[in-house]
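Next, two complexes with chain A in common: one pairs it with chain B, the other with chain C.
So, the complex of A and B:
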């Protein structure tokens, strides 16, 4: 790097004809190569280590605390699976939330959509067709309800001009209300054995819902980082006017983002229904806050234009591990909330520190 | 280091160094400015001009070097400290708060108040005086700044600078958003100030301006002072260009095709287009391979015409057709699908994704070309982007850096590259060379002409009459939203265009 800097200062003067030009070109090519090399390394550092370094450290610290305080009860295979199973539901929602936030939006209605999906698909099986309902019907219904709610959110925001905060706040209220009406405020017990069986099965000893989470995260990563859809999401979130003038269908894209998140809520609803074998209008309470917190401490910019799936996954893992450690130690929910708040602040501060240090080297 | 300062030297900067991650923007710059002079800073895009003046305005802290003010060594700890000394700056990127009024912007940071209660009417009165002094009494102090044109916003920035007790006024490419008449007006204001002993640092890529207003010139190249104290009036242009670029450049327009091509059917047909209150009855056609230039004053509706053709604004009447097919009114995607591209005037807000890499900014409008089944081939993206940035001489090279870290002129080149990359049938260029240095200008002209030769219909809007005439085949002159003249570019000259444009304006 120092070489290229030294070289650029080609002095003007009585140099012959095209001498300086060639010199500058050479220097610039060299500079470009270094930029590309370090660009690759930097990019890697940014996505996996650099940006997420604070999160990795936090997660390791948490695990250490878990091992010290709860010993083998924490560090067992079963407990790990418990953590992952917990993480899976909120994780899938957070992946979808990453897209919406990166695209410059916000969604407060995820918990309510999840509740509505869970109630709708379970009510269907308990009330209408009783035990003969094929499990795939429940799956389709949950996904459709989720995507439908997302579609309404998206249309209101993109075409109705309602700000995301308000549109999704309205959805939060009405989706939960509808869930209560449908379920008559009763918890719906799932009797469809095939549904319970298929969702509680394991693949190579790993619960299916964890596998689903991993899949959703992987697909999310590819979608955000490797496809035109992801690139357009960054553009729409970073500078909507520029995106519009660049010929991107900004409105349509915004709708798609909310539909995507709604779909994730539908998936999460199925996971929750299978875990608890119930559908309830109180499912997913405060999920919106957990999801937003996980996304933001993961490193996604709340104002849009920058997003990281890897960070979000770490964010989710940190919160669920924290919950687990507290439960194992019989500590109260209140203490847990307090610490969650502190962690959000600490993680964000740490990340900013790391980002600026990276900039200086 | 000598401790004595010549009398009359107001500011002396010595050995200023400023580094950004991976870039040494300033590598030891010397600059001295005398009271009452207009000191011009020249240099290619990315040479470090803006960085230097940001150091002076204390927007950046230098890594090394000393600053003497009135002969006394000073550290400028904060922008407020610089302002208190009497240094007022008009940045290259306008830095106004769009949602506040003109008066609120002018007094931002030093609000007129008594006992904490703001005195709005007094502030408005003071601003009205300042605007009158700048020759723009038509701007109301209570207007919302975001509603003003870029030129209007520039005036507000000027008013803000003058609202302080200014001893040194720094102007970073102020003329980029102004047209001829307004530049003259600006010069009048500058002369008034220098007569009172105010020193001015003036940055511009237009040499003819520097000849007109400048006293002495300092030339920067790659963050180093390569010449200082040159006389603005009689240093030969070739010498200045040699100093700036290290080579000699022919600043010429590419030749027009010799024989008139078979015109055939027009590619772009604009019929009786109107946008209430802005322009009306705009009617023109552009054939394949033709470059049509639009000349007119800032505010005459030139940019609005382009934006309406592009569908970014919804016309009230009239039609736009590409290859004989009429476009849906007010729909950008429809225009884009038909092969229309627009390089907008306000690059920063309308064009760029500042935090994204250069190559991503370039390929965003042609992602389909680099994708298979929705999956992007980033290597191919970077390769194509590198080709374009190399031919446009974007510095520093390397397409993975964030656009935010490029200098103003280099950012312009990136937006332009986006539209040069896209396979357009019709390309609308709004001020394609604003803020671009002499070297890269000829490159851009050549590229535009090559595109036209490959069959693209091009429309160029520019405030520089010379550019419109030199680059285009046919010229439209717009005054107050009406086309007042249309002819081949060779049949009209600069002074005639200026007459047409100004008619009815000079009272």
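So, the complex of A and C:
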């Protein structure tokens, strides 16, 4: 299992002039990572589970607050599904975002891509085609639009040399602009009954969009933790130069990461279209910030090189549960935003302390 | 040393946990907010028998983010209206322009089995499925301002009158300019692609037509102060002489008035729209070209609460013969001038 993907051992940070202590640390961490790969129970606790432990505690505390303040209204099955349905859309986007951030990038255009996908798959012509043939036409269109936008982002960043912040900022503006042009700023209503029925169905009492969220999370976890693609992502994000020297196609890999995120946006768009039975250029406003926040409090390093799908899922669940507890207790959204900000700052401050202490020890 | 990381990781949990505890500290219920303006925050109407306390009811209310003076006032006046009734407990889930989140807020109301839901959707069509779900669950939905695309999704709909706003503004302009058939009339619209803007402009045009006037210059802004300033500056440049000007929205009107001031123009009179408090103060003082404004009530949510209460407590609108609360309430768009401004200024919104 301990293959020589060198980048994994240098997950975070500056390359030159760290001194020997830093190197020792790296070797240790590399060993840690390797041990995790081979499934050592203790090592596992020290890494993945350890990292997520804080989040689990936070979520449990949050649930406890929900139970105390709202009792059965919080703990009911219906309410759990309400939380999960809310989490599903932003969750799928956040999982894609985890890959891009782990790979050293950032994507500000996810909300706009989601809007464009939702509009494109609900245009009159798409719906007519879907009614004539099969509702899955809408699914294909949404996924293609999402992946296509991701491809443009990726190409601009990897081969055009545009920094991710600017490239995706441009996509943010133009994708939403195009969505407005296509929809003429009107809300497009879905008439394809088969599409609505399929997406709003339940599997063993669990709404389909929640099932999709769980599937995407599971696939994302396997992809990041159990495949070469995942290890390459860590390597590219941790130290692109080392990754290149190790023989990884850094540029091609970067493009793939953005396509993957675009695809996730397409999936999220379908979820939102089915939930609202509309496509609109206003869908997904500010989702980029929600997704980045969830990824960051989950423990993925914003500078790249370390990522955790489990952490991201917890990050999303913490924010959506927070929203739910606030709604149940009739508290204002302003207080909630304030607390959300505090949680983000606390999580990032801890992360930074973690990183700098590692540098010193 | 190898244990250090896990300690730090636990630290993350600790801080997050503290944040959660902080949340717990602020989830107790406030005492009823001070209710110095108890008459629903809306009218000074005499307390009728319908206001007598009935069964205790819970109403859920959800509205978009208050990113505009008018919208801010919607939530504020709704809360005031509910606070005026000791038998109404209001659950407010305000402030989101994310339909996904607004849907989940309404789902929470459904789970809670509230007695009624007053809903001003961010997007009427997008909120229709969840409103239908609420109606199916036996919870009456009162749809405010932005209509659902399925009439079955609401028991009562409270709407403003955009076309009527245009008619009121046009009629007022006709009254002022009726004897001058070649007078120059200008119009500054809101966001042009919105149906509500098109309705307002159509009403204005139709009303002007009845006295042989037409819109000579028309520009569109975007409901913001900045947009109003830009649009008005362009308009004033294009039209060297104007007799009357209608501006669709008093929030953007702040910018329009600034542009007029900058250009030093005062040969015309201006009519506003929506009815903000500072527009009304300006009309009251008579210190600018703004002579009148047309109201688009920001108290629709408050009316929604009152109707929801009647509905659940099985009362009727006592001045009507009907036994049941009506299906649709469309509000009138009155013209506010110096003569009647005192009547309206208390319910105007601060932009």
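Some points to look at:
Methods note: the second predicted complex is superposed on the first by the 291 of 361 C-alpha atoms of A that agree within 3 Å, B and C clash if a C-alpha of one lies under 4 Å from a C-alpha of the other, contacts with A are read in each partner's own complex, and residues count from 1 in each chain.
The criterion applied here is as follows: a contact is a pair of C-beta atoms (placed from the backbone, for glycine too) under 8 Å apart; a residue touches a chain by one contact, two chains touch by 3 or more.
Source: prediction; values computed, not measured.
Considering which of chain B and chain C touches more of chain A, the answer is C. With both structures placed on the common chain, the touch criterion links A:245 to chain B but leaves chain C unconnected. Once the two complexes are overlaid on the shared chain, A:90 sits against chain C while remaining clear of chain B. When both complexes are overlaid on chain A, the residue A:234 reaches chain B alone and has no touch with chain C.
With both structures placed on the common chain, the touch criterion links A:226 to chain B but leaves chain C unconnected. Once chain A of one complex is fitted onto chain A of the other, the partner contacts of A:53 are limited to chain C, with no touch recorded for chain B. When the shared chain is aligned, chain C comes close enough to touch A:189, but chain B does not. In the superposition on chain A, the residues of chain A contacted by chain B and by chain C overlap at 28, 361. For chain C in complex with chain A, the residues that touch the partner chain are 1-2, 4-6, 8-24, 26-29, 65, 90-101, 103-105, 107-108, 110-112, 122-129, 149, 191, 193-194.
Contacts from chain A toward chain C in the complex involve residues 28, 45-46, 50-51, 53-58, 61-62, 64-65, 68-69, 73, 76, 78-79, 82-83, 85-86, 89-90, 184-187, 189, 272, 275-278, 280, 282-287, 297, 299, 318, 320, 322-325, 327-335, 339, 342-343, 346-347, 349-351, 353-354, 357-358, 361. Touching chain B in their complex are the following residues of chain A: 1, 5, 8-12, 15, 17-18, 20-21, 24, 28-29, 31-32, 35-36, 38-39, 43, 222, 226-229, 231-232, 234-235, 238-239, 241-249, 305-306, 359-361. If you check the complex, the residues on chain B that touch chain A are 21-22, 24, 27, 221-224, 226-227, 242-243, 246-247, 310, 312, 332-333, 335-336, 341-342, 344, 349-356, 360, 364-365, 367-368, 371, 374-376, 378, 386, 395-398, 400-401, 418.
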